[in-house]
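Each structure below appears as structure tokens.
Across the two complexes that follow, chain A remains constant while its partner is chain B and subsequently chain C.
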Partner chain A sequence: MLESLGGQIFNGLVSGAFYAMLSLGLAIIFGLLRIVNFAHGTMYMLGAFVAYIGAQSLGLNFWVALVASPIVVAIVGIVLERTLLSRLYKLDVLYNLLLTFGITLFIEDAMRLKFGMQGSPYVIPNQLEGVLNLGFMIYPTYRVFVIVASLVVCIATWLLIEKTSLGATLRAATENPGLVRAFGINVPALITGVFGFGCALAAFAGVLAAPVNNVAPLMGDDIIIPTFAVVVIGGMGSILGSIVTGFLVGVVVALGAFFYPPISGTLIYILMAFVLLVKPTGLFGTLEGSR
Partner chain B sequence: MLSSGQANPSGKADYLGLGLLILGLALPWILYPVLATNIIVWALFAVGFNLLLGYTGLLSFGHAMFFGGASYITGIVILHAHLPTPLALLVGVAFSVVLAYIVGVLSIRTQGIYFAMITLAIAQVVYFAVTVFIGWTGGENGLQGVPRGTFFGIPLENDRMMYYAWLLIAIIVVAFVKRVIHSPFGQVLKAIRENEQRARSLGYNVDHYKLMAFILSAAVSGLAGGMLVVHQHFTVMDSVDWRTSGEVVMMTLLGGMGTVYGPVIGAAFYLLLSDRLAVLVNAPGVVIGSIFVLTILLFRRGIVGEIIGRLDARRARGSQEA
Partner chain C sequence: MPEALLSVRNLQAWYDESQALFGVDLDVREGEVVTLVGRNGVGKTTTLKSIMGMIPSVKGSVTLHGSEILGMPSHKIARLGIGVVPEERGIFSGLTVRENLMLPPVIADGGWSTERIYKLFPILDERKNSIGTKLSGGEQQMLAVARILRSGARLVLMDEPTEGLAPVIVNAIRDLVLDMKRDGITVLLVEQNLRFATKVSDRHYLMVHGKIVETLSNEEVVHREGELLAHLGV
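Moving on to the complex of A and B:
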């Protein structure tokens, strides 16, 4: 019982690791651009596919993919931002949500045409095969790696934003883009960079997800809507909040599924509804984010 | 908030409405009746949706829960409770109203992107419900073999009879929605769309008005969903999928949100286009995604919005010269 409960908590941390990376990317993009990137799940899917294609055609291993794939997807994101999203900044933010929705439909279907619905397996790198004895329980090595890698990336991102001068510029631009621009900082370039970085985070999560599930065109769908729920639960506008909420929600949902399996699919939304009733701005959100 | 073309000012002759009525009467002789009926059903869904997006400025990204949810409820009460078709449609509407009340209480105080994400997430619960209650919904196979029955004596198994019965409902509902839009209630909604703070400071209970608009919009969407299942004899999980929520946004935008007839024209245009293109290419997402992106980038006012905008511009020039 205790052993399997521990296993379930770790399963929760694994899904939480993905929620955290994706909601962090959404939060950063939202912070500066004020848009919700519906195509975030698509970037995650593309990240996994770049790793898969790299392995198939160029023989690139997992470790190379972990670096290369986010770069490739960041470039895709930057091109999309420059050519499409940037045209709509003067309009209501909802137009960009709809635009990224259209982009999602397009890319997913194009990938389905090319690679089929089913998807393909991606092998676990041999350094991370097998299981790890954690002292109190035994858990697959790769999944432990996912949790650690996610934590490292999330914390590094948080430090980058909170503790460096680049981060300070970024936070200032979030508060008052006009003023930051007056100081001679190229805000549009900053926006493009942030969008690319957010997409890279999603792609990094995608590469990590590739060995866990099949690499499939619709894999982004399965995660983007729960991630939106995580964002609502955590509240918009907090970087640290999105990381903590991601892991927290992963564990709570896994525990709920452990004690009452039929609820597993909907618990995250029930949690969301509950948070909305008690604290409409989300656990870490500010009023400004929700209004 | 989302600005858009003006609605037809009342008092002026409704040429567009008249034209659509004539076209509507002739439609099942131009297209095959099943496609024509599909257009009616989706047009009604889009009209309901537009009440919220176009006139209240709220973007729901979960309207499939009302449309698809009601299609399941209507189908189930016909199959298992053997209710007559008109009564079953009302049960579907009642379901949508109750669901909209619950969702509305949770979400109506939020705005913009938050509202879109919350409605999207709650709609996913309805989707899961369909997958969980397989005994009632048929799960992956969908709810099959729903008989059409009769509609106040009209035998619906005849495709053209079915079309005209549904056209009649659509005309009544569109006339009702038009009346609502031009009523004092509709004016308050538009005031909220344009400037919520101002509407609030004028003493209007903004949340109450928004909730009413949400429920009304859901009721029309639910009616359309019920009409879908009766017309098709079945409903599948696609009807509660988030893509369906996106499709109705698309239709509304394409036709012109915030215009009375825009959604009707948008739905017709969208269905005709996908019907033709489905024969040519096996990539609905690529096609729809492209239309979506192009519409938002180049054609935001939509077909009707664009026409009204040009007419207004010409009239403005004319009155300047005179």
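Moving on to the complex of A and C:
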């Protein structure tokens, strides 16, 4: 019983690792651009596909894909931001939400045309095959790697934003972009970079997910809605909130599934409704952050 | 008379459909401190923001060292050596005092070193790890000016630096502006406090309904203080 409960908590941490990386990217983008990026799940899917195509066509291994795929998807994000999103900044943010929704439909359908609905398998790298004895239980090595890699990326991103001068510029631009620009900082370039970075985070999560799930055109759809719930629970635009809530929600949902399986699919939304009733700005959010 | 460092001609500005400036003309020469006075809502802040490229709908001409800057993005204007101390100080609540101080990039040589800034305002050193907005109003104003001086800006646009501050702090700001003047920094100041303005400025422009209507010397401002105060609605 205890070992299965431990296993379930670790399964929750694995789901949480994906929620954390995706909601972190969404939070960074929302913080600076005030855009709810509906295409974020698509970037996650593209990340997995770049790894898959790279392996099939160029023989790229997992470790190269883990670096190359976020770079490729960041470039896709930068092109989208420069050519499409930036044209709508002067309009209500809902227009960009609709635009990112349209981009999602367009890219997903293009991928379905090319690769079909059936998912394609992506093999676990040799070094991460097998299981690991954690002392209190046995757990697949690759899944432990997913948790650790996600934690490293999330903490590094948090440090970048909270402890560096680039991060300070980013936080200031989130608060008052006009004034930051009047200080001589190229805020539009910063926005483009942030959007690209957010997309790269989603792609990194996508590569990590490729060996766990099949690589499929709709894989982003399955995860993006719960990720939006994570962002709301953590607090819109809150970096720390996204990371902590991502892992927390993963574990809570996994425990819900363990004790009462019928509730597992809806638990995250019950949690979101509860948090919104008790603390409308989210667990870590502020009024300024959600304005 | 030396050529103007900053020259504004027939500057017009709009917020959506509403026109805020109706043809502002002014000159600021190198090393001068010049004040824009006028009651609330006449377009003083809009004039500063238009010079800085922060208002999208503008017409007319703004030249710096004879080169046109109107229509340039504000980050490029700043890089030409213009710094801004905005209305209500613009201290970032998500940044520490030190992060606020270090935020503007160095845009030209000759900016104040952090040592000089900390020597003049020891509180900024003592509270460098506090959140910027936790400082008192006067300390925040010092921080707002200090960060621009650190950047090396040679022309500083200051918007109501004494607003809401105690007289002792106003005196400290006066000394700071005089220090800047001694360093050869040019200042275009928006100010309602005429006594402060006459102590730091060389000349004053009176603004009414989005236009400059009169240029005043310090003596004229002192002589006509009552009339001007009535005019400003103070």
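FYI, the second predicted complex is superposed on the first by the 288 of 291 C-alpha atoms of A that agree within 3 Å, B and C clash if a C-alpha of one lies under 4 Å from a C-alpha of the other, contacts with A are read in each partner's own complex, and residues count from 1 in each chain.
Definition applied: a contact is a pair of C-beta atoms (placed from the backbone, for glycine too) under 8 Å apart; a residue touches a chain by one contact, two chains touch by 3 or more.
These numbers were taken from a predicted model, which means no experiment stands behind them.
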TODO: Applying the touch criterion given at the start, work out whether A:V148 contacts chain B, chain C, both or neither, answering first, second, both or neither.
DONE: neither
- [ ] Name the contact category of A:A172: first (chain B only), second (chain C only), both, or neither.
- [x] second
- [ ] Quick one: classify A:N186 as touching chain B (first), chain C (second), both or neither.
- [x] second
Task: chain A residues contacted in one complex by chain B, in the other by chain C - done: none
- [ ] Within their complex, state which residues of chain A touch chain B.
- [x] 30, 35-36, 84, 87-88, 91-95, 97-99, 101-110, 112-113, 225, 228-229, 231-232, 236, 262, 265-266, 269-270, 272-273, 276-277, 280, 289-291
Task: Interface residues, chain C side, partner chain A - complex - done: 52-54, 73-75, 77-79, 83-84, 86, 90, 92-95, 99, 102-105, 107, 151
Task: In the complex, chain B residues that touch chain A - done: 1-3, 59, 61, 106-107, 109-114, 116-118, 120-122, 124-125, 128-129, 131-132, 242-243, 246, 249, 253, 282-286, 288-293, 296-297, 300
Open item on the list: Looking at the complex, which residues from chain A come into contact with chain C?
Closed with: 165, 168-169, 171-172, 174-176, 178-188, 288
